[in-house]
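In order of appearance the chains are A, B, C, D and E, and numbering begins at 1 in each one.
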Amino acid sequence: MTEVLRASNVETMYGRVMAIRGISLTVKEGSVVTVMGSNGAGKTTILKTISGALDPFKGQVEFEGRDITALDPDVIARVGIAHSPEGREVFSLLSVKDNLMMGAYCRKDRDEVARDLEKVLGWFPVLRTFLEKQAIYLSGGQQQMLALGRAFMQRPRVMLLDEPSLGLSPLLISEIFQIIKRINVEEGVTMLLVEQNASVALPAADFGYVLETGRIVMEGERDVLMKSADIREFYLGIKAESARGDRRWKARKTWR
Amino acid sequence: MRVIFRKSYVQDIQLFRDRGQAFWYLLFAAIALAAPLFLDGYFLDELSFVFIYAIAGLGLMVLTGFSGQVSFGQAAFVAIGAYTHTILLTRYSVPWLLSLPIAALVAGLVGLAVGRICGKMHGLYLAIATLSIAIVTERLIGGAGDFTGGHRGLSVPEINILGLAIDESWKVYLLNFVIFVGCILIVRNLTRTRSGRAMIAIRDSEVSARALGTNVAFFKAYAFFISAVFAGLAGGLLAHAFFYITPETFGMGESIRLLLMIVVGGIGTIHGAVFGAFFIVLLPTVLSWVKIVLPSAVATSGGFDSLAFGLILLGFILFEPDGLYGRWTKIHHYFNVFPMYKKRSFQRQKTFLKTERLR
Amino acid sequence: MTALSFADAMQLFVVGLSQGCLYSLIAIGLVLVYKATEQVNFAQGEFMMLGAFVGYQFIVLMGMPYWLGAMLTLVFMGAFGYGVEALVVRRLTGQPVFTVFILTLALGIALRAVAGIIWGFGNYSLPAPVDGNLTLGPVIISWASVLSIVVTAVVASALYLFFRYARQGVAMQALSLNQLAAFYMGIPVKRLTSSIWAMSAIFGGIAGLLLGPMTLVSTQMGFIGFKAFAGAIVGGFGSIPGAVIGCLLIGVTEPFFDIMFPTLKGIGAYLIMFLVLLIRPQGLLAQIYAKKV
Amino acid sequence: MNGLEIDNVSLSFGGLKAVDGLSFSVEPGSVFTIIGPNGAGKSTVFNLICRIYDPSQGDIRFNGKSLRKAKSHEVINHGIARTFQNIELFEHASLLDNLLIGRIRHGKFGPLSELFFTRSQMRQELAHRRKAEEIIEFLDLEGYRHARVADLPYGVRKKTEMARALVSEPKILLLDEPSSGLTSEETDDTAFVIEDIREVLGVTVVMIEHDMKLVNKVSDMVLAINEGRFLASGSASEVQSDPDVQAAYLGGQAA
Amino acid sequence: EGLQGVTDDMITLGTYTDLSGPLAVWGVPEANGLRMRVDEINAAGGIHGRQLEIIIEDTQYQVPRAIQVANKLMRRDQIFAMVGALGTPMNLAIMPQQIEAGIPNMFPMSAEVEMYEPLDPMKYAFFRSYTDQFRAGVAYFKENGDFSTPCIAQLANEAGESMALGVTQQLAEYDMKVAAKTEHSATESDMLSSVTTLKNAGCDIVFLAGGVRDTILVVATSKKLGFEPTFVTGMVSYMDAVATAADGAMDGLYLVSPFVFANAGDSEGEAKRILESYSEIYGEKMAPQAQLGYVFIDLIAVALEAAGRDLTTEGFLAATEAITSYVDPIGGQSVSFGPEDHQGIESLIMAKVEDGKWTIAARGLDY
């Protein structure tokens, strides 16, 4: 498998705040890679830096060997990287249908687009019932489905998904990950996945990174990570009940 | 770099952050009070204008900077203050000390009414609605015939406080300065109490503000009231500085100038209003110095002043959208961390636009 | 006040209509930019003024045939609008709205000064695209006014369809709603934004060429832009049909207001707008929506 | 009757019945959870309680008093505070200022004492500040006190909203998906926080939540709704074993 | 400790005018005229060995700006006298402190009566007041041709108000009233409604108490509707742009003015030389406002010349007061002052547009 995406030594600042500090990661063609990390670790920042919404202060991002550092996000999107952002970011006053069609803005293959639209509506039947409704009036979870569908409509080579399961019902969460896996397998789309809900994300992934305060503190194949005690405790939520008892008491993460 | 250790909550609330800051502000105040000793009448008059415009700017800052209501009609309230004050002084012989607050209050009440009526309007709608108020006010004052002096205007008597004639530049200067300081303190107090916070809440999210118990309509109107009181006060003082008032004096141009002022100064901060006033008032003076070194064909061409004014503003907003105060804090930071200063601390990240059509 | 004869009323109505159409052309320029970027161009009146002056340059000073001069003017305006966005306005993306207000106000001040320095601060006459009057019974209307009505109708409906159905039209709305997401979709945001400014400047230019002959060309003529604002606001800022409806409403009622209050001419438009806003704070075709929480 | 009562409430948007004849009541001092598939109408119920929407039928009562006449800014005076699903913070203000704004319902409008910052005003401000600090400590937000809210990561913003609701000292707290965007460790913390809110602060909690682990841990009572209608209610385990709930919401795999 | 604005080899004059605002049509040529005469005088060796300097500031026709620039002229630049300062409201605002500061206000570019009344040693006006101008205009038409239904179309500003006042005052002399009055703002783009009002009132004479653009619009709109009363406007519109506007629609428009707008073609001698040399320097026809500027400085020069080398403000003012038989070198109007009379041009003229050009229909108007 070849690498499609590589970030080397990326640092990104918000004004005086350095949000990620020298991050390097690689994504292999056709794989699902997940980035885990607690709040404010910098996961969103990584995705935004890759997709060009933030300019890194240092470091490089490459897509299929091409340097895409700090290009405009629309150029990066046309290269083949779709980003489903944190907080959904749907086009609030456009109809659901227009939202989806905006995903296909750069595509010329009308027939394929129509077929993809059907596919998306098949995955998320609610969207079909609200096709002409303005996106803002969808419920939170419905908007999340829309954002995912829209990213898929781009027919990208790589999808960057920022918390795709945010606000979805348990039923849909498991469905979403099946769909992600399916897109990955059937359509050959590479996935870089940021997810709080590691207990569903990690099993669906091939490889994982763990991020803490802007640094990568752990990385490895899924199976290796699944066995790590820290990952199990802090991200998968699997632990001996007695370890925490019912009072607040925080275990120490050993990598710090 | 100075690190502030906070030892009590009072520190965040009190007037000055720490002793150092108190020292600097008091030093400035002392210099300002002593200015008549070393500045000539010209500069004192200019500074008087700065203070008066700063007062009007503070008002607009409360309205636009804090409560987020953009007003293109602030000059209307200035006009109402100026006219009320002048008419009270000349026609009803009301003592100055009484007339000025009444003028401010009258402007404030008109502002309150406007705020009440426009309470449901947002952004551009409010901006244009207030603009129309300014246009209509100008015309109505002009059309009101003898009572307001019509389009021909009114001449303004000298300031006379309890028999004491304020007839020289330095006296006027000191008077304006004192009122100016008072106004700053009042706005500062507003920012550190409930009403000020309510305004900020309305600016950032009306839904949450309501959910937390803010009576949005009330505080919007209140912001209008306060800002119109300041405008009216500035109007009263401005009338004296102008010696003669006509409705045209407070036209649309004035309203826009006030708005330009607070944005150039730095929207949303008290410093911004003051810095902006310095900028707007002193810029022509600076330009006239610049003209001395320019070839006369350029300097004397009609339109040079406007062009320079427009371009400087343009440049300002482009390169420092945070305004003069924003720039000032950066310079301040630069010196604070001097040897460790890193260029990247000011790297501007890309910013993106998001709709404000949802309320 | 003597009673208004039917003929006079018709005359006022028709002229109000053509005046309303001119306001609409300026307003459409404003709304276009707003629709695509949510920026408000307070210099739109000055764009119109510039268009009139450039037309004056080509047609009067350089003596070109009218239509050639007019075409060149529009080409110039297009390039100008594109350039203004690409070089100036773009730098402020993402800043609060009033920063952009102020930017365009400053741009307007600078443009007035530039025009004055180049062409002088006087009043200049510009030939009308078509001469003569059309007489319909008691009503006299110049062919130039008829032309402005036709142009407005064509422009407004074309734009309406464009935003409704064209892919680029939808994309422009999308980018005004959420620019970042539009970028993520691969929409060429920068190019579209500049194009929309170019379009808007072109409409400003058309308005200038049409208005110039009626009111004389001068650096002050841009102030009429504020009435266009009032019209666009009445209609609901951001809607093309709204802008047209609002401007026509203002254009048509204004002369009747003036007849009723002959000494208050000039403030009717604003009073009408204010009244409408009192009843509908978001204009007739509201473009502001309740946020879902 | 004490507590919150929703009595046969309906609301539709156009043709869509978002809430359809829904009734339930929340015991004071309990943690009440609403679950249901996306678009079931859960957030809409909160919006109805907070008077953002007006129900087309039915009544909402709190401690026996009907809320139907209240304006949306008066709801909090009954002691009802909430958070929003999509986070509605005062973005340009600091976290601390956000919390102080949360204190708005405490304190009267006194223009003179405010503008001249009298001593009593100072005392009031200090009291607000103390309360804010209490909540900051309670929710572990010390590090972010002076940060601009717009710059905070998602999870912290979520917590900030909860803090802002808490400083208003409500009797009942409505939480819309408190754990969304949190890691499982942080979700565990949230569980403790919710317990503390109930036990230490004595506040009734009504929450909308999709994370069944959290639901199981803290809820006294769970209500499942679908398409605006009642589906099931009872203890967490009862509701989760309900076949309708499983089909519509859990997808057979109770977490 | 010398006299403000006067050194051994220099006299500094100041003016504020509109160089880029709505009245820049007046201000820009005025400034050129002022400068031209100053340059001429300096080239000829100055006055009593002193060169003249004139500092011109732009007000954009806004009072606040005017106050600031006037403050600068008076206090920073230390001018000896203010010459040709433009704008009624600006002059009204600035004059009191200017006079207090001992700086004479010479020939302001405003025909408001306050420019010379009440009598003040420090103020000298060139024009007779707007009110007088329009009174004379009314009287002229009462005598030559008469009218029955007089109307006013007024611009909503102080000059318009003063002009309109003249009309009503003079009509009162004949026990007449204004039949209809409209008032408009300066930025109007369409005057149909005003014209309809006037037309419906059956006006046979309309006094246009206003500015430049509005005059053109009212007259042109009326022509189009076939409404053709006698139109009489004021000196503010006295410029080529008005005469040539709207393809001959302006023909027949009357205008009352204290000064005469001279054309190079019709002039001879000194006037012709000035008009032509202006065109050479500034590359355009010498507008009447430029002619005024030129004459203002010329008058100042006359007074300075008479005041002698030992210049004092009093001496200068006395010399101005002593000017009695000065003839405007361009327009030919005579200017005189006296101890009780600080207003220069007495006689008014009636100009008229014929074939797109201003001609003189009558001289020596009065009421």
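Everything below uses one rule, namely that contacts are C-beta pairs under 8 Å (C-beta built on N, C-alpha and C of every residue); 3 or more make two chains touch, one makes a residue touch a chain.
All figures in this text were calculated on a predicted structure; none of them were measured in a lab.
Considering every other chain in turn, the ones in contact with both chain A and chain B prove to be C, D.
Contacts with chain B and chain E are shared by C.
Of the two chain pairs examined here, A-C and A-D, it is A-D that is joined by more C-beta pairs in contact.
Distance from the centre of chain C peaks at D, each centre being the average of the chain's Cα atoms.
Separation between the centroids of chain C and chain E, computed from CA atoms only, is 36 Å. Distance between chain centres (mean CA atoms), chain C to chain D: 47 Å. With each centre defined as the average position of its C-alpha atoms, the distance from chain B to chain D rounds to 40 Å. We define each chain's centre as the mean of its Cα atoms; on that basis chain A and chain E are separated by 74 Å. Among the residues of chain B, those touching two or more other chains are numbered 139, 143, 207, 301-304, 306-307, 350, 352, 355, 357-358.
Residues of chain A in contact with at least two other chains: 14, 53, 92-93, 136-137. Shown for chain D are the residues that touch two or more other chains, namely 43, 52, 84-86, 88. Under the contact rule defined at the top, the touching pairs of chains are A-B, A-C, A-D, B-C, B-D, B-E, C-D, C-E. Of all residues in chain B, those touching chain E in their complex are 40-42, 45-46, 49, 139, 142-143, 150-153, 155, 238, 241-246, 248-249, 251, 253-254, 257, 281, 284-285, 288, 300-307.
Interface residues of chain D facing chain A in the complex, by the touch rule stated above, are 13, 35-40, 43, 85-86, 151-156, 177, 180-189, 192, 210, 212-213, 248-251, 253, 255. Only residues 167, 170-171, 173-174, 177-178, 180-190, 289, 291-292 of chain C touch chain A when the two sit together in their complex. Considering their complex, residues 19-22, 24-25, 27-28, 154, 156, 180-190, 192-194, 196-197, 199-202, 212-213, 216-217, 224-226, 239, 241, 244-247 of chain E touch chain C. Interface of chain B with chain D (complex): residues 9-10, 12-13, 186, 189-190, 192-198, 200-201, 203-205, 207-216, 218, 222, 268.
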